[in-house]
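Below are the structure tokens for one structure; questions will follow.
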Amino acid sequence: MTAGETYTAAVVGGSGFTGGELLRLLYQHPNFDVVQATSRSKERKTVGHVHPNLREMDLRFTSPEDLHSVDVLFAATPHGVSMQQIDEFRDAADTVVDLSADFRLNSEEQYDEWYDGHDCPEYLKKSEYALPEINRENLPGADLIASGGCNATATILGLKPLFDAGHLSGDEQIVVDVKVGSSEGGAGGGDASSHPERSGIVRPYAPTGHRHEAEIEQFLGVSVSFTVHAVDMVRGASATCHVFPDAPVSKGDLWKAYRGSYADEPFMRTVAGGGGVYRYPEPKAVAGTNYGEVGFELDPGNRRVVVFSAIDNMMKGSAGQAVHAANVALGVEETAGLEFTGLHPVGAP
Amino acid sequence: MTAGETYTAAVVGGSGFTGGELLRLLYQHPNFDVVQATSRSKERKTVGHVHPNLREMDLRFTSPEDLHSVDVLFAATPHGVSMQQIDEFRDAADTVVDLSADFRLNSEEQYDEWYDGHDCPEYLKKSEYALPEINRENLPGADLIASGGCNATATILGLKPLFDAGHLSGDEQIVVDVKVGSSEGGAGGGDASSHPERSGIVRPYAPTGHRHEAEIEQFLGVSVSFTVHAVDMVRGASATCHVFPDAPVSKGDLWKAYRGSYADEPFMRTVAGGGGVYRYPEPKAVAGTNYGEVGFELDPGNRRVVVFSAIDNMMKGSAGQAVHAANVALGVEETAGLEFTGLHPVGAP
Amino acid sequence: MTAGETYTAAVVGGSGFTGGELLRLLYQHPNFDVVQATSRSKERKTVGHVHPNLREMDLRFTSPEDLHSVDVLFAATPHGVSMQQIDEFRDAADTVVDLSADFRLNSEEQYDEWYDGHDCPEYLKKSEYALPEINRENLPGADLIASGGCNATATILGLKPLFDAGHLSGDEQIVVDVKVGSSEGGAGGGDASSHPERSGIVRPYAPTGHRHEAEIEQFLGVSVSFTVHAVDMVRGASATCHVFPDAPVSKGDLWKAYRGSYADEPFMRTVAGGGGVYRYPEPKAVAGTNYGEVGFELDPGNRRVVVFSAIDNMMKGSAGQAVHAANVALGVEETAGLEFTGLHPVGAP
Amino acid sequence: MTAGETYTAAVVGGSGFTGGELLRLLYQHPNFDVVQATSRSKERKTVGHVHPNLREMDLRFTSPEDLHSVDVLFAATPHGVSMQQIDEFRDAADTVVDLSADFRLNSEEQYDEWYDGHDCPEYLKKSEYALPEINRENLPGADLIASGGCNATATILGLKPLFDAGHLSGDEQIVVDVKVGSSEGGAGGGDASSHPERSGIVRPYAPTGHRHEAEIEQFLGVSVSFTVHAVDMVRGASATCHVFPDAPVSKGDLWKAYRGSYADEPFMRTVAGGGGVYRYPEPKAVAGTNYGEVGFELDPGNRRVVVFSAIDNMMKGSAGQAVHAANVALGVEETAGLEFTGLHPVGAP
Amino acid sequence: MAETITAEDPLTGEEIELPADVEVGEIVDSPATGAELEVVSLDPVTLEEAPELEEDWGE
Amino acid sequence: MAETITAEDPLTGEEIELPADVEVGEIVDSPATGAELEVVSLDPVTLEEAPELEEDWGE
């Protein structure tokens, strides 16, 4: 059904949340053959021991010390690990796809400003941002790919059509109010992420100063007012962007902008005020999938446009984006391994 | 323990959500004696039949057609009912406390603009807004009290100290991004509020044009950019206000402003970045209580102040506010019947 | 990839919950082409209007009055509809797969005892029960297939190995305590299924006398003590069977029994006390999939064996089972269209 | 309002879940004055730092090394702590109320069988079980009180009327299938209790061999088949007991039994099949309260009686029970400090 | 009860009571704001807002 | 790939492959059942079900 060769793949950090998603996607991907998944803490355990949805997968975790030689290495490790081990990763694989923030920004200065500097700044110019909707043309043949931040991805996807169509220039005040699920924090987690404390919350966890602002600024050329709330779901990131274009825009303009940017995108849906129960983007409508939903509404009272954007943080916001980019990089069917359309009804995935 | 006489009370709309909360509060209130609760659909059923937490209460629903004569009548009916029956209500009771939007705004024009007009505009000048934090001085002796809108209450409480202290004048751009639970919709509800469809959502339900903007404008003198999302909780309204004061403010200024406005308020807490798990306002920390939590954070990147505000929509945002106002109006202990401090840990109340 | 022809399919009741699942499965099934989905209330609306996960599907609901001629008709209508329209259904299609209870039991007497009789008893002998794990040999070529009840399916799958291996004979006392999600009730639903009332519950909804007992008795030859609780999830049915075999059994015996019955079953997992977080069957581990998890534990204190069984009520418990059976009936790849392995981590799907 | 003196109280383990509940209850109790709350990890922090519902309380945690001299010491520490420090506790206070399992069982043999022995067996004969519904007569004047296990409490309360009325003798097979919330695990907790893994589950966590069987056996004289499932709520324990009386019983018999046992109990409700949404016991109906709901249904198909029982594990199942017992022991108003009736609607508290 | 000394809350400007034996580097919390404050010098005791533990939310 | 030896799964009776360098006390998991097994002796390698970590659920 899907054309193309088969590539061997390794997942470093396979016992983590996004690592598990990578394994799920690659396991059923027609062009990939997973030959290694690493974990230090779960060495020798089966993949299914940690990820109950993968009990059928015949693979055991091995140490990241001993990397197999593969076509593609996916790294799903915490911030800072890849920048230290990038040489080993590149020795082991022709293509490295990194899910952390380590190769997303273009310059050492940005890492100095937003993170604690960078150990391997020489690679920053060589890496490609994974999100095909904004960087497809540079992905074919790329050998170092940096998968985007989940909240940054949601925000960029929501706002991009307004920049593409010239409704925003970058000088405007933009407020981005994000709501995210608990899987954003990864498999670790302290007191605040225990079930009794984390259930039922609307908790400002990054009131200001979130690092994803750096990615948004890099790609949209605008500095945003960014606030993230944790809400009671496991999967999902929903960004509401409140923008005030200088010139008046109509709903027709907005539809034109969004269809202009995304009509040919296989994973983008524009959902803006139709009928039924699901009238605007909703994270649960895309849970488990690589789809991104974007939509908008006009405020009759002032010039505000409200933009809604919803993704699964671990899919479009991370592992799905990584596989999507790898598909484009390797030249296989772009949607391969990413066909799952999600569930309805579904609770709080 | 609590001084003062005992007043007889009736709850019209006692089978609804806020009506149930009124019954709970009045049932244990030292100064009230509930003599009637109405419901057309549950006539003759016990109060406990509908509200399982009130099984010990010895009262049956009666028809709203036949109102008893009482000291205080609380109306917890949908918008439009009270404005039609206000004369019957006032005949039956010395004091009427209405939980709907029917008597919140000052002028017929506002009802023409935001609602579908008003049937009894002559009462608009006579009614007092219930929220003691902004209208305490006018409540003693009031005989027609309009309890505020839940989202408006959250927003007003969050922003008021910035106006009080002169950090905001009303000319600024203010974005208000609200997250609410399912009880805001009342006991009715269609497809979208069924458990399978309503679970796990971050759903834009009032993207623009929410009627509570009118109340906010009336009390703060500012027109806000208002968007409401439904999230997966039953109780709670959380408002995040993104504001951009003209002159720079420091954290110290903000603390001074909030403590200045609320230090003596028995139900207001300022929660802004202390330690532990609960560092900012959270709706679940006040669920079931009449407390309001407010807090703030400064954005180092621009002049933004983010203000957080959390209440229980049915308590501080409705029934609790109504009882609080009635306490002040009647001159009994202000906190009487409202002492419950909430639960910890608690899930998604 | 998958061998075999392509069959045209219609889904009657396509706007419902299990109808939506059928559409999702058939849409991506290599051997099916969905040509009709019916709904009376949503006629002319797109499938994506109701099922947001199927926005990419290019199909509109049509009236069930006007059935297209297809190879396979799936009926996902409430109990009683299929038995009245079975002749129309069979006129329209070579193969009819019914998801309701209308053709599950073998005799009119059973319908008299457990339901309100039957309109078309002549078909009861001709229909085949869909669950391949207990009826695979009779499915090839079947033209009337009755998909099982979700709670019955969970129970039968859990207990069957104990009967197969002779540890149970049918004379024993068997207590079955079931926990189910809200999607079991279908897309309709009254007060009790609204989000505020249905959230957070452990609610006995069928304390005794559940109709699925009839199916269990028919297939296992045992009358069980059956109680169903509604819990706070949307998808999932979890059955805990407490059984007391006459002769002592060891854990080794149990492993042998479960592996004996299910080692070759493509959709059955035995999960019984391994390590990690997921040590026994759990509904969320199979949400969205056609997998069934079964497991057990021995009570050291008495002769009790506790058997756990978890499925997705709409998948293995209904639409997935239906497609699985259709695959076997038509002779296509048994697992075609059912490869989704589920998500981890996942909240309350 | 409430008669009686005021007693000073200390809470050892005040930073934990049940310790927090004790502080909440005692803070508003007319007869108690909390003078100390201990925590090793939160020393010098305010009580409100950990328990956001108690921000108004003016008290800081101190070390358990330095116990103040008080009238009543409540210990809410993990199993094993009290048995080691019982002499210090008794030196510091006239009355000790312990929430752990350390003084619940009567004999050293039981601790050898169910736990890892006991350090202070000499106190086992002196301690009184806290649950007034089964031990009220022995509580007045008691100076060492052992609050019951939450699951044991739910089970005992559900079954007791059947023993009282002679419908059960203790020889019968009794299956107890329990569903509990995440707060049962206390404030600690590993991987399995993180929000992503713990959400949405129906997880067999104690399939067999739960230690609470010992308490049940001690008080009812029957060995039960006990299985506990973790479900997605924070507060609540719901026990479903499947029993098979030797002689037939009618619904009338059952009502008589339950009313006979509980008609005069201030905190017990019998809820068995009335109308409305809440027809049987439900944990969310009693969340935050000291109420216990019990109910039953007859199985028409066999002689089974299904008994439902619901409590808040931290209240009736622990801290509430402890305060209730202390009230009886000290001779103050039995319901003092325990009047909260719970919330409706409420989500998943 | 232990002896206490006072210091100024750097956020609110109000007086805070502290145990007399506080040490440099100790973290105390402000009674008004609940914020964590670090003792940066003694004699007189000076407090600053303590740097918050950054939680990494999987960026 | 490392050398392997075989041992009998104490629960299912099936053969399990293990790394040749397993040691007494090591915990391995059964491929069939996922259960944790403890190596209780070598030569031949004998496995027993490992005692589960008892989780305390606030009893």
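A, B, C, D, E and F are the chain letters, set down in written order, and residue numbers restart from 1 in every chain.
The definition used in the following text is that a contact is a pair of C-beta atoms (placed from the backbone, for glycine too) under 8 Å apart; a residue touches a chain by one contact, two chains touch by 3 or more.
Molecules present, by chain and UniProt name: E, F = Lysine biosynthesis protein LysW.
It should be emphasised that the depicted structure is a prediction, and the values quoted were computed from it without experimental measurement.
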Smallest number of contact steps required from chain C to reach chain E
2
Can we say the copies chain A and chain C touch using the same residue numbers, with more than half in common, or are the two sides different?
same
Farthest chain from chain C, going by the mean of C-alpha atoms per chain?
E
Hey, which chain ends up farthest from chain B, C-alpha centres compared?
F
Quick check: more C-beta contact pairs in B-E or D-E?
B-E
Calculate how many whole Å lie between the centre of chain E and the centre of chain F, each centre taken as the average of the chain's C-alpha atoms.
52
Here the gap between chain B and chain C, centre to centre from mean Cα coordinates and rounded to Å, is 45
Chain centre separation (chain A, chain E; CA means) in Å
39
Residue numbers of chain E (touch at least two other chains):
29, 34
Going by the contact rule already set, what residues in chain B reach two or more other chains?
17, 182-183, 187, 191, 196, 199-200, 233-234, 271, 273-277, 279, 282, 345-349
The answer for chain D against chain C in the complex is residues 173, 175, 177, 179, 191-192, 196-197, 199-204, 207-209, 213, 223, 225, 227, 229, 231-233, 236, 238, 240, 242, 244, 273, 277, 279-284, 295, 297-302, 304, 306, 308, 310, 345-349
Where on chain A does chain D make contact in their complex?
17, 182-183, 187, 189, 191, 193-196, 198-200, 234, 347-348
Using the touch rule from the top, collect the residues of chain F that touch chain C in their complex.
10-13, 29-30, 32-36, 49, 52
Chain E partner, complex, touching residues on chain B are 251-252, 255-256, 259, 270-276, 279
Residue numbers of chain E touching chain D in their complex, please.
19, 28-29, 31, 34
